[in-house]
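The structures considered in this document are given below.
Consider the two complexes below, in which subunit A is the common component and subunit B and subunit C are the respective partners.
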Partner chain A sequence: MTSNPQSIMASSRPLSTWDRINPARYIGELSETRFWMYLLLLPSALLIMGVVIYPTLYGFQLSFREMRLNRPDLGTDWVLLKHYQRMLSDQIFWISLRNTAVWVTAAVTIEFSVGLIAALALNRNLPGTKVLAVFILLPFFLPNVVAGHMWALMLDPRLGVINDLLVKVGLLGGYKAWFADPSTAMAAAIIVEAWHSFPFFTLLLLAGLKGIPTDLYKAADIDGAGSISQLRLITLPMLKTVIAAAVILRVIGLVNSPDLLLILTSGGPGRSTQVLSLYAFQTAYKDFNFGYAGALSVIMFILLMMFAWVYVRLSKVNQD
Partner chain B sequence: MATLSIKGVRKSFGSVEVLHNIDLELEDGGFLVLLGPSGCGKSTLLSIIAGLEPSSGGDVVIGERTVNDIHPKDRNIAMVFQSYALYPTMSVRRNIGFGLEMRRVDTSSREDAIGRAADLLQISHLLDRKPGQLSGGQRQRVAMGRAIVRNPDLFLFDEPLSNLDAKLRVEMRTEIKRLHDRLGTSVVYVTHDQVEAMTLGTKVAVMKGGVIQQLADPQTIYEQPANMFVAGFIGSPTMNFLNGTLENQDGKLVLHHGEETLELSGVAKGASAYVGKKVVAGIRPETFSKGAGPSALTGIVDVVEPTGPDTMVVLDVGGQMISARLGSRERPHPGEPMTLSVDTTALNLFDPETGDRI
Partner chain C sequence: MAVARSRSKLVLDIGSYVVLIFLAFICIAPIVWTFLTSIKLEEDIVTRNMIYIPTRITFEHYVNLWNQSGYPVLVVNSLITTSVTVLICMLTGTIAAYSFSRFHFRGRTQLMLAYLIVRMFPAVLMIVPLFIVMRQVGLLDSSIGLAIAYTSFLLPLFVWMLKGFFDAAPKELESAARIDGTTRLGAMFRIVIPIARNGLLATAVFVGIAAWNEYLFALMLTTSQGSRTWPVGLQLMVGEFQLPWGMLAAGGIISILPVIVLFAFVQRAMVAGITAGAVKG
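Then we have the complex of A and B:
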């Protein structure tokens, strides 16, 4: 494009004193350079450094130090790998690790399955699905604490409505203390967790389903693919990225949040529902052993990083 | 034998009827084009033929089977969509062979069929790519490959060229025609592009408001449109409609338009019943030629548009704009008077009240 004579004259005009000191001019010129991008990112980067990176690094260094608030006589010296060595022989750690695996695997599997069924149903746009969508999403809007207390009351051995119903329909001989029995406590907690969080999957999967063109299903109908084949060969592969993101986010949430189990069981009976996050929380805020709690958190962090890496590689999300 | 018969098909969405009593027949190996503006019901009719949309009444017969209650997969049809509808997570090879895979055709027969289709469409080198790695034209070929691989009784095309650029559209149009000539399978083709309809179809059904306005071969549709809608929809630039009164002058039919008089010869016999009444004369732009004659119009040149092979001239004739296609060397100047003679043997008369051809 050729410039008109006026613009050529304007660009060759000598700068006035005001032009030279005008900050807007410098900002304007800076915005044309590649440094502008970094400048725009700087405020959020500083914020993240302050509230995420610094505490994380502090937690890392804490795991290499003695830090017991109820034993000031031990001091706060560096102890290198002492906490990690202790972990190897700590039975509670291994029980917590196994329980975490069960807790996360079962909860994510149920939440994903129920969430997918709900999303597929809501995606059909049948009459009443909008109202149904609100009801389905309601549990997710409840805070963990509220949901936990609500279910604790519903499953209460004396007052609980669920025991009452199960006895009345004849499925149960007598009232049962679900959270007091080591054989049922974990399963009951998983069901509460799945009830509370399956809408997370519903929401994300529904958004993913809305993005799949309906023509693909018409083509598949003509090609002779039935409902199961369409789900297996079209829907799920097209939701792969959404599923990967949702599973990773949910696993991180489940591994890191002790709140529901804290309310329902506090890790009991015995250690049957003790998970790593709860163990780390109790080690820090009941035993006041921040060094060991820090080491437990570091292990959780590493496990989550490894899980995310392996999962993304296995699901081949990067290839699309 | 008719490959496709549509008998009294209706379709309603709630209280709104979008297809009214459609009757169609397509002979074996024919190429039927459903042509019409957006919202005329042509894609809905195609979906009913495919079985993707249930009809509200009437019968769809493919071959000798009434397929009203038969699932799309069992109708032995293949469809090419406007969006191509290629499965994005599958390779081109699997896309093409998907219909065979679902029908449990063994791997070696499937590979043979995929190979033949890919060779025919010249996409053998693309078989291991994903649809996202292909250009628009290549995707179009893959979509056609998926359709032809199963040897269906009927191909259905739903505006397959709409997403391509102008040059590619012309190339692919030729490709589709060549493919039809080679395979000989019957085709139902939906488009709103009259050039596609005229060049591809052995039969064209012009639709408006859920009703077939005319069903005929392309030349008949062009030369003898059933009504003013068909006449105006087909042809670019569109047909000129000149309002006037039909008179009998010394035993000859003439059309009076303001101060202009057109001597009509070769118009339909039924026209004499309209003597003394108002009619609309439909004149194609290419039936004009420069110079005076017994049937001529004089007007003031308004716009001149040289297109290369032709020169389009817009003429103001008594306040009505008339488009004429003249030779490329004609260069009249806007504002100057011009006389054009009309080949009245190619002229159509319409009833101004019903819009039907006289």
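Then we have the complex of A and C:
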């Protein structure tokens, strides 16, 4: 009660010189205006405009222009749909598209399945499993470069420990060069990717599982429903939104980032692990053909948006 | 009936342990194997008969990597880039997350959605224009430029994750301070941010780990020793000098050590933040 009159007195007291130039007082007063919430957003919004929106729009318009850093003689004229037309007859583009579909589908399927199993097991909150959870989540936080080299070391055709183990148990006749054989390179890369990112699904699904009311399971117990039917009739439907969010986020990550394949195989041997993002990156980084790289990325972005839209529609998340 | 149920519970419990122990083994086995390789003698790495547990231990790979390959410079560059990234995110992202968490205003939902959607833009589509722009303004091949480029995908993530932590902080203390005459500014810095400091720490660490690990932007936007980060440097060494496995393993272990330590420290809060942001989003 006493503090209120005091603060009124304090604010009506004549301002000292320091008060007048004190920036904290200025900003404090500014914080009482109705623009305050927008002012708080301004720095980050400007930054995002500068480093995301502007470059993306720039990239879109690049895809309609000629721009090759190593061929300045060609100039930077508008070429309309030339890059998009070239794509139609570009064999590598179609191979990359098919590989992207294989890469994303297989990786997401494995990551989701393993991630769900781990989340279900962790959600039982058995004693001692907290420590195991830390180990299980760790790969997700490791850098692509190191994850790639750790597996390259273990799958090496001369000194790979996995080769040695498989030979010892009799599954393999001799050491195999997994990443040098076009028939196994993609599968090996998918295994590495699944190892690296399945914890992402575990993380999100575990959070989703914690949100399911336990009453539902008690009721199902009374009705005599077994574990499998509880999973099918309660758990999975209740997780629908989380699953949709996790799948979309992961698909975006898999389609957009060529890092792991760039480190493991650079798209080889042949074109067996060439995916769209990697092809676009190499077109920019190696050939310096920025126009064509832009066009490839635009197509990738459009396909991704279409996928997200169809997926959300099919999984009927919005209807809940 | 009751016996059958408790038996099926026991089976599931045992099954859970088996699955979790197996998965935990799969998850850390590559790290352990890389570590073992990094302390083996070179002739014990490539052998006729695989040596699983090294009988002779050496740290020469670490010493060689540190002294001969310019690795310290790469690590310092990475530290600078990571620090600047985290600093930019904290300066601009904290107030944005606070705004989203505490105020309801026209355009809020759309703006929040915009902060989410920008994460979907393909990195490759942004990298080329960023390369051109950075070259024009003289930030190509600089730690500052690279850190600014990193904010393109880390700042939206930072804002979303931190907003979740601010949402969880109780609003009563803040209201009490406001009644006592504190400005909104004062309430933000003296009440809300201190309450959510663990969340802020976890968010900063998460963004820091992501910046430390980043490879693609660094590959495109750095061209010399002056700003090259360790993932690019390590990858280049593999290509240029046929880096021996021992040194490569040592480099990997050195580079993931800070990640593992930080992850162990703030793992719980970080995990909570990632899931809160993602589930609500």
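Keep in mind that, in the parts below, the second predicted complex is superposed on the first by the 276 of 320 C-alpha atoms of A that agree within 3 Å, B and C clash if a C-alpha of one lies under 4 Å from a C-alpha of the other, contacts with A are read in each partner's own complex, and residues count from 1 in each chain.
We adopt the following convention: contacts are C-beta pairs under 8 Å (C-beta built on N, C-alpha and C of every residue); 3 or more make two chains touch, one makes a residue touch a chain.
Just so we're clear, the structure is a prediction, and the values are computed from it rather than from any experiment.
Asker: Which partner does A:213 reach: the first (subunit B), the second (subunit C), both, or neither?
Answerer: In the superposition, A:213 contacts subunit B only.
Asker: Considering only the touch criterion stated at the top, classify A:247 as touching first (subunit B), second (subunit C), both, or neither.
Answerer: neither
Asker: Using the superposition on chain A described above, determine whether A:104 touches subunit B (first), subunit C (second), both, or neither.
Answerer: Touch status of A:104: no partner.
Asker: Please determine whether it is subunit B or subunit C that touches the greater number of subunit A residues.
Answerer: C
Asker: Is A:225 in contact with subunit B, with subunit C, with both, or with neither (first, second, both, neither)?
Answerer: first
Asker: Check whether A:234 is in contact with subunit B, with subunit C, with both or with neither, and answer first, second, both or neither.
Answerer: first
Asker: Across the two complexes, find the residues of subunit A that touch subunit B and also touch subunit C.
Answerer: 221
Asker: Can you name the residues of subunit A that touch subunit B in the complex?
Answerer: Residues of subunit A touching subunit B: 213, 215-216, 218-225, 229, 233-234, 237-238, 240, 320.
Asker: Would you tell me which residues of subunit A are touching subunit C in their complex?
Answerer: It comes out as residues 3-4, 7, 24, 27-32, 36-38, 40-41, 43-45, 47-48, 51-56, 58-60, 62, 114, 117-118, 120-122, 124, 126, 129, 132-139, 141-147, 149-151, 153-154, 156, 158-159, 161, 164, 195, 199, 203-204, 206-208, 211, 221, 226-227, 241-242, 245-246, 249, 252, 255-259, 262-263, 277, 280-281, 284-285, 290, 293-294, 296-298, 300-301, 304-305, 308.
Asker: Flag every residue of subunit C that touches subunit A in the complex, lowest number first.
Answerer: 5, 8, 12-13, 15-17, 19-21, 23-24, 26-28, 30-31, 33-34, 37, 45-47, 50, 52, 88, 91-93, 95-96, 98-100, 102-103, 105, 111, 115, 118-133, 148-149, 151-153, 155-156, 159, 180-181, 183-186, 188, 209, 212-213, 215-216, 219-220, 231, 234-235, 238, 245, 248-249, 252, 255-256, 259-260, 263-264, 267, 271, 274-276, 278-279, 281
Asker: Help me check something: in the complex, which residues belonging to subunit B touch subunit A?
Answerer: So the residues of subunit B touching subunit A come out as 50-52, 71-73, 77-79, 81-83, 85, 87-90, 98-99, 102-103, 132, 146.
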